[in-house]
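So, here's a batch of structures to check.
Heads up, the next two complexes both have chain A, just with different partners, chain B and then chain C.
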Partner chain A sequence: MSYVIKRIGYAILIMFLASLVTFAALRVAPGSAVTSILDPARTPPEVIERYKEELGLNLPIWQQYVNYMANVLRGNFGTSLFDRRPVFDLIADAALYTVVLAFAAFVLAFGLGVPAGVIAALNRGGWFDRVIRWVTSAFMSIPNFVLALLLVAILGVKLRFLPVSGASGPANLILPALVLAADPWSLTTRVTRTAVVEQLGADYTRTLRARGVSRTRINWRHVLRNALTPVVSLGSVQIRTLLGYTLIVEVIFRWPGMGSQLVQAILKRDYPVASALALLLALVVVIASTVGDLLLRAVDPRIRSNQAVIS
Partner chain B sequence: MSAPVIEFKNFSLGRDIGTSWEPLVTDMTLQLQPGEILGLVGESGSGKSLSALSCLGLLPAKVRPLGGQLNILGRDSSTFGDEEWREVRGAQVSMIFQDPMTSLDPCFTVGSQIVEAIRAHEDTSAKEAQGRALEMLRLVGITDPEQRFGAFPHELSGGLRQRAMIAAALVMKPTVLVADEPTTALDVTTQAAIIEQVVQLQQQLGMTVLWISHDLGVVANLADRVAVMYAGELVEVADTKRLFADPQHPYTMGLINSARVRSAGEPFDFISGSVPEPSTWPEGCRFAPRCSRPTSVCQEHPAMTQPDSGGSLRCFHPGMAVVS
Partner chain C sequence: MVTSLVIAPVDVPESRRHKKRIGGITIPTWIGVGLLALCALLGLVVLLAPAFRNLWTAQDLRATFLPPLSSGHPFGTDNLGRDLMWRTLAGLGVSVAVGLGVAFLAVTLGLMVGIVGGYFGRAADVTSNIVIDVTWAFPAILLAVVFAGWLGPGLLTVVLALALTEWAGFSRIIRGEVLSLRERDYVSAARVLGRNKVAISLRHFVPNLLPVTLVLAVYFVAGAIVAEAGLSFLGIGAQPPTPSLGSTLAQGRDYLTRTWWPVILAGGVLTLTVLLLNSVSDQLREHFDPRIGRRR
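Presenting the complex of A and B:
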C-alpha cells in the first residue's frame, strides 16, 4: 500500500517537472507571443505593452509559472492567442479523438498480440508460428506511413471497402487503428512468444509435472502468469510510442486529433494551446507508466518485495 | 523379499539424432525394493538423471526408451498414456530436484503450490487441502507453517525452499521418492539437515527412496544400497557397507579414493580423464581407457555378473586395481 502512495507521489513529482519544462520551453523559444501576433515594426509600443500586461508577461517568471499552474489545476488553460476561445474547449474534442484512436490501436495490439504470441509459443515450429514470424517481421520493417498508404490504396481506393479520410463514422476508425496497431502488435506478439517459450522450459514446469499437474493447467496458469512480466512492461512503454505515432497517422487519415493541432500551435507560437497539449501528453504517459508499474507489481511477487521505486 | 516397487529390466534409453538413435543408457537392470534407500551414483553424463526421470515419464524431448522394460509398482510403464503417467506422478512416484529456487514457481505462494499438488489428484475442498498442506509443512520441519504457507519462494532461504519442495512432493504420500541431487545447491549444514529430514520421513511414511548423487559421501551416510553408473551403464551394485569396504569395480574404487579425506600434503587421488560422450563410447569395456590396469580381454564388452560376494558387477577383473 505504501508503495502505491509512493509511486503516485512520484508520478505527481514527474508531472510537476513536466509542467516546469513545458512552461519554460515555450517561454524560452525564440520569438515572443506578442511579436507573433503583432508586427513590432508597425504597432505602437503602448499597444505591445498592454498586450504584455494582459498576458502577464511582465510579471517575474516564477509568478507567471504560479499563475499558470493555479489556472491549470482549475482546468483553465487560458485562451488561444489566435481565435480567443478557451484552450480547454479548443483541445477537448481533439484530445478525445486522439485518445480514442490510440486506445483502439492499443487494444488491438494487445488483445490480438498476447493470444497470438501464446499460441505461436505453444505450437512453436508449426505453421501458425511460422506465419506469425513472417507477418511480424514484415510489419516491423514497413514504416507505418508506407503501411498506411498501402492500406489506403488497397482497402480504401481499389476495393472501396473502408473510408480513408476524416472521422464521419466509426468505420473511419478502422484503417488508422490498424495502421497504428501493426507495429506494437508485432512487438507484443514476439515478446509474448519469447517469454512463453522461455517459461515453458523453466525448471518449475518440470517440478509441477512431477507432482501430477496437467500440462494444460501448467501452461495456462503458471507459464502464462510468469510470462506476463515482460509483456506488461512492454505495454506501458508502448503507450508512449503509440501516442507519438498517433500524431503522425492522424495527419495521413485526416483524423481530427491533437496531432495537427499541436503542430499548428507550435508553428504559430500559440503558447496556451501548445503547452496545454504538451502537458496533456505528459499526463497520459505518466499515467500509463504508473499503471504499468502498479500492474507489474500485482503480477510479479518478486517486484512486490523490492520496495524500490521503478520508473 | 516382496515385489520391487521399481524394476528396470535390461532397460535402455536413446536420443533421436535424426538418422538413428544414439544410446544414452544401456542394459540397465536394477530393482528398487520397498522401503529401501538406494543411492544411484555417477559423474555427470553417466545417465543417472535420465534413468531417474524415466521413473516419472519425464524424459526430455527426443529421448525415448529403446528397449527392455521398466515396471512401476508392478505395471509395465511402456503401456502408460499421458493421463496414466500424470496419475502416477506425485501420487505413486514423486520427485525432488536440485535447485529449489528455480524448481518452485516464483509467482505463486509455497502453500498454493502444495495445495495444487493435492488437487491434481483429489477433488478435495480448498480448505481441507490447505489443512493437509500445513500439516505437511510441519512434517518436513518447518516451524511456523502458517506463515510460510503464504510466503513466495524468493522470501525463503534455500533450506526452507527445499523443505517446501519436499512437502509438495510428499503430500500425496507417494510410494517412491526420486531425489535428484536435492542437496547439491545447498550449503553443507543445510545439506545435512535436509538429508536427515528425508531419512526421517522415509521411515515415518514407509517410502522407498532413489537418491541420485555424484557425491559418494552423501550416499554413504544415507543409502542401504548403492548403484554406480558409468557411461550409460551400471558397473556395480552392492550394499553400502560392502561397497565402501570392498569395492570391486576399478571405477568405484576411483570414486571412493577421490572422495576420501586426505591428510595435508598428500596428493589428490582422482581418476584421470572424463566420462566419454555417448558417441565415443568404446566397443569394449567403457571404463577401460581410464582404467589403471586394462588387459586385452577388456576389448570385449563385459556383461553384468552376480559375484559370490553379493550385488552385481560389470568387470572382467573384480577387485584387481590397486588402491594407492
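Presenting the complex of A and C:
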C-alpha cells in the first residue's frame, strides 16, 4: 500500500515538473502572447502595456506561474489566440475524437496482438508463426504515415472503397484506426510470442509436464499467466507511442482530434492551445506509466522493484 | 605406462559444424558484408548529395508530373518538374545525416546520464530518473516546436528536438546495465586500487556498454529518419528548398488524385532504408549476444 502512495506521489512530482516545462516553453517562445495578438509596430506602447497588465505579464515570474497553475487546476487554460474560444472547450471537442481513435487502435493492437503472439508461440516454426514474423517485420519497418498514404491512395483514391478524410461517420474510423494500430500490434505480437516461448521452455513447464499435467492446463494456467508480465508493461509504453502517432495520423486523415489540433496550434503559434495540449498529453503519459507500474506489481508479486528508484 | 590425455568431446551443435559456405564464407557473414556494403552506399549518398546540387534543384515547369521511365528522368518529375530520382537521393542523404546526428547526440547524453544514475550514488540516481521521467512525458514534436521558436524551423531544430527526447529511453537501459556491471569483480578490484568513479566509468563501463550502445544507436538512426520525415511531412522539419523524403511525401499527398508515384517512391525508399538499418541492428545484436538473437 505504501508503494502505491509513493508511486502516486512520484507521479504528482513529475507532473509538477512537466507543468514547469510547459510554462517555461510558453514564456521562452518568441513573440509573447501580446505580440501575437497585436502588431507591435502599429500599436501604441500604452495599449501593449495595458494588455500586458491585463494578462499579468508584468508580475514576477513565479507569481505568473502560480496564477497559471491556479487557472489550470480550475480548468481554465485561457483562450485561443485565433478563434477566441476558451481552450478548454476547444480541447474538449477534440478529445472525444482522439479517445475514440486511440481506444480503437489500442483494442486492435492488444485484442489481435496477444492471441496472434500466443498462437505463433504455441505453433513455433509453423506456417502461422512464419507469416506472423514476416507481417510484423513489414509493419515495423514501414513508417505509419507511409502506410497511411498508401492506404489512402489505394482504398480511397483508386477504389473509393473507404472514406479517407474527416469524421462524418463510423466508416471514417476504419483506416486511421488500422494505421495507428499497425505498429503497436506488431510489437505486442512479438513481445507476447517471445514471452510465451520463454515460459514454454522454462524448467517449471517441463516439471509440470513430467508430473502428468495436461498441455492445455499448463498453457492456460501457468504459461499464459507468467507471460503476461512483459505484455502489461508494454501496454503502458504503447499509450505514449499511440499518442505520438495520433499527431501525424490524424493530420493525414483530417481526423478532428487533439493530435491534428496540436499540430495546427503549433503551426499557427497558438501557444495557449499548444501548451494546454502538451500538459494534457504529459498527464496521460504519466498516468499510463503509473497505472502500468501498479498493474505490474499486481500481476507479478515477484517484482519488488529493487531496480526502481522508489521501492 | 603412459597415461593418455583424454580430451572430452566438445558438444558442437549440428548447425555450427556444417555451415553452408559460398566461396569459403558462411552465409551469415555474406549477409553481414552485404548489409555493410549497403550502409556504405548510404554514407556515400550523404557525402555526395551536396555536390550534385544543381541536379536536384533544377526545375522545369514544362515537364511536371512526368511518369517514371521518361527520357532524362528515370523516376519521373514532381509538381515543379524537378527530377524525382535526384530529389529522392538528396532527401535520403539529408535523412541519414539527420539520423546520424540524432543518434550521436542521444547516445552520448544517454550514456552519461545512465552511468551517472547507475553508479554515482542515490541522489544522482533519483535526480537522473526524475529528469528522464519528465522528458519521457513529452512527445518529440512538442520539443521540436520549442526549438523551432528559438532557432526557426529546420533540420537543426529536428536534430536537437529528437536527440533531447530520444536519449531518455536509452539512458534507462544503460542505467540497468550499469547496475549489473558495478557488481563485477574487476570493478571492485579497481575500487580497491584507488581508482575514482570517473576513471572506472571510462575504463570499465563504457567499453562494456559499447555493444548495447551500438545496437541501439543503429536503431536510433532508423527511428530518427522516420521522425524527421514525419516532422518534415507536417511542415516543422526541413523547409522548402531543402530536399526531404518527408516533404516529397507531403507534396505527393497533395497531388494524390493526380499521381501516386512520388508517394510510392519516397515511401518505398524510406521503408527500405528503415528495413536495412533494422536488420543491421538485429545482426549486430545477434553478433554481440547470440542468446538474444536466436530467441527472435
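The rule is short, and it goes like this: the second predicted complex is superposed on the first by the 300 of 311 C-alpha atoms of A that agree within 3 Å, B and C clash if a C-alpha of one lies under 4 Å from a C-alpha of the other, contacts with A are read in each partner's own complex, and residues count from 1 in each chain.
Everything below uses one rule, namely that a contact is a pair of C-beta atoms (placed from the backbone, for glycine too) under 8 Å apart; a residue touches a chain by one contact, two chains touch by 3 or more.
Since we're looking at a predicted model, the values are computed, not measured.
S.K.: Of the partners chain B and chain C, which touch A:Pro44 in the superposed model: first, second, both, neither?
M.R.: A:Pro44 sits against neither chain B nor chain C.
S.K.: Determine, under the contact definition given at the top, whether A:Asp203 touches first (chain B), second (chain C), both, or neither.
M.R.: Touch status of A:Asp203: first partner only.
S.K.: Of the partners chain B and chain C, which touch A:Leu13 in the superposed model: first, second, both, neither?
M.R.: second
S.K.: Determine, under the contact definition given at the top, whether A:Arg240 touches first (chain B), second (chain C), both, or neither.
M.R.: second
S.K.: Does chain C touch more residues of chain A than chain B does, or is it the other way round?
M.R.: C
S.K.: Enumerate the contact residues on chain B facing chain A in the complex.
M.R.: So the residues of chain B in touch with chain A come to 56, 58, 82, 86-91, 94-95, 97, 99, 102-108, 113, 116-117, 120-121, 152, 154-155, 165, 168-169, 172.
S.K.: Across the complex, what residues on chain A touch chain C?
M.R.: Residue positions touching the partner: 10, 13-15, 17-18, 21, 25, 28-30, 137, 140-143, 145-146, 149-150, 152-153, 157-158, 194, 197-198, 240, 243-244, 247-248, 251-252, 262-263, 266-267, 274, 278, 281-282, 285-286, 289, 307, 309.
S.K.: Chain A touches which residues of chain C in the complex?
M.R.: Answer in residue numbers: 125-126, 129-130, 133-134, 136-142, 145-146, 148-150, 176, 179, 226, 229-230, 233-236, 249, 252-253, 256-257, 260, 263-264, 267, 270-271, 274-275, 278, 295-296.
S.K.: Note which residues of chain A are touching chain B in the complex, please.
M.R.: 202-204, 206-215, 217, 222, 225-226, 299-302, 305
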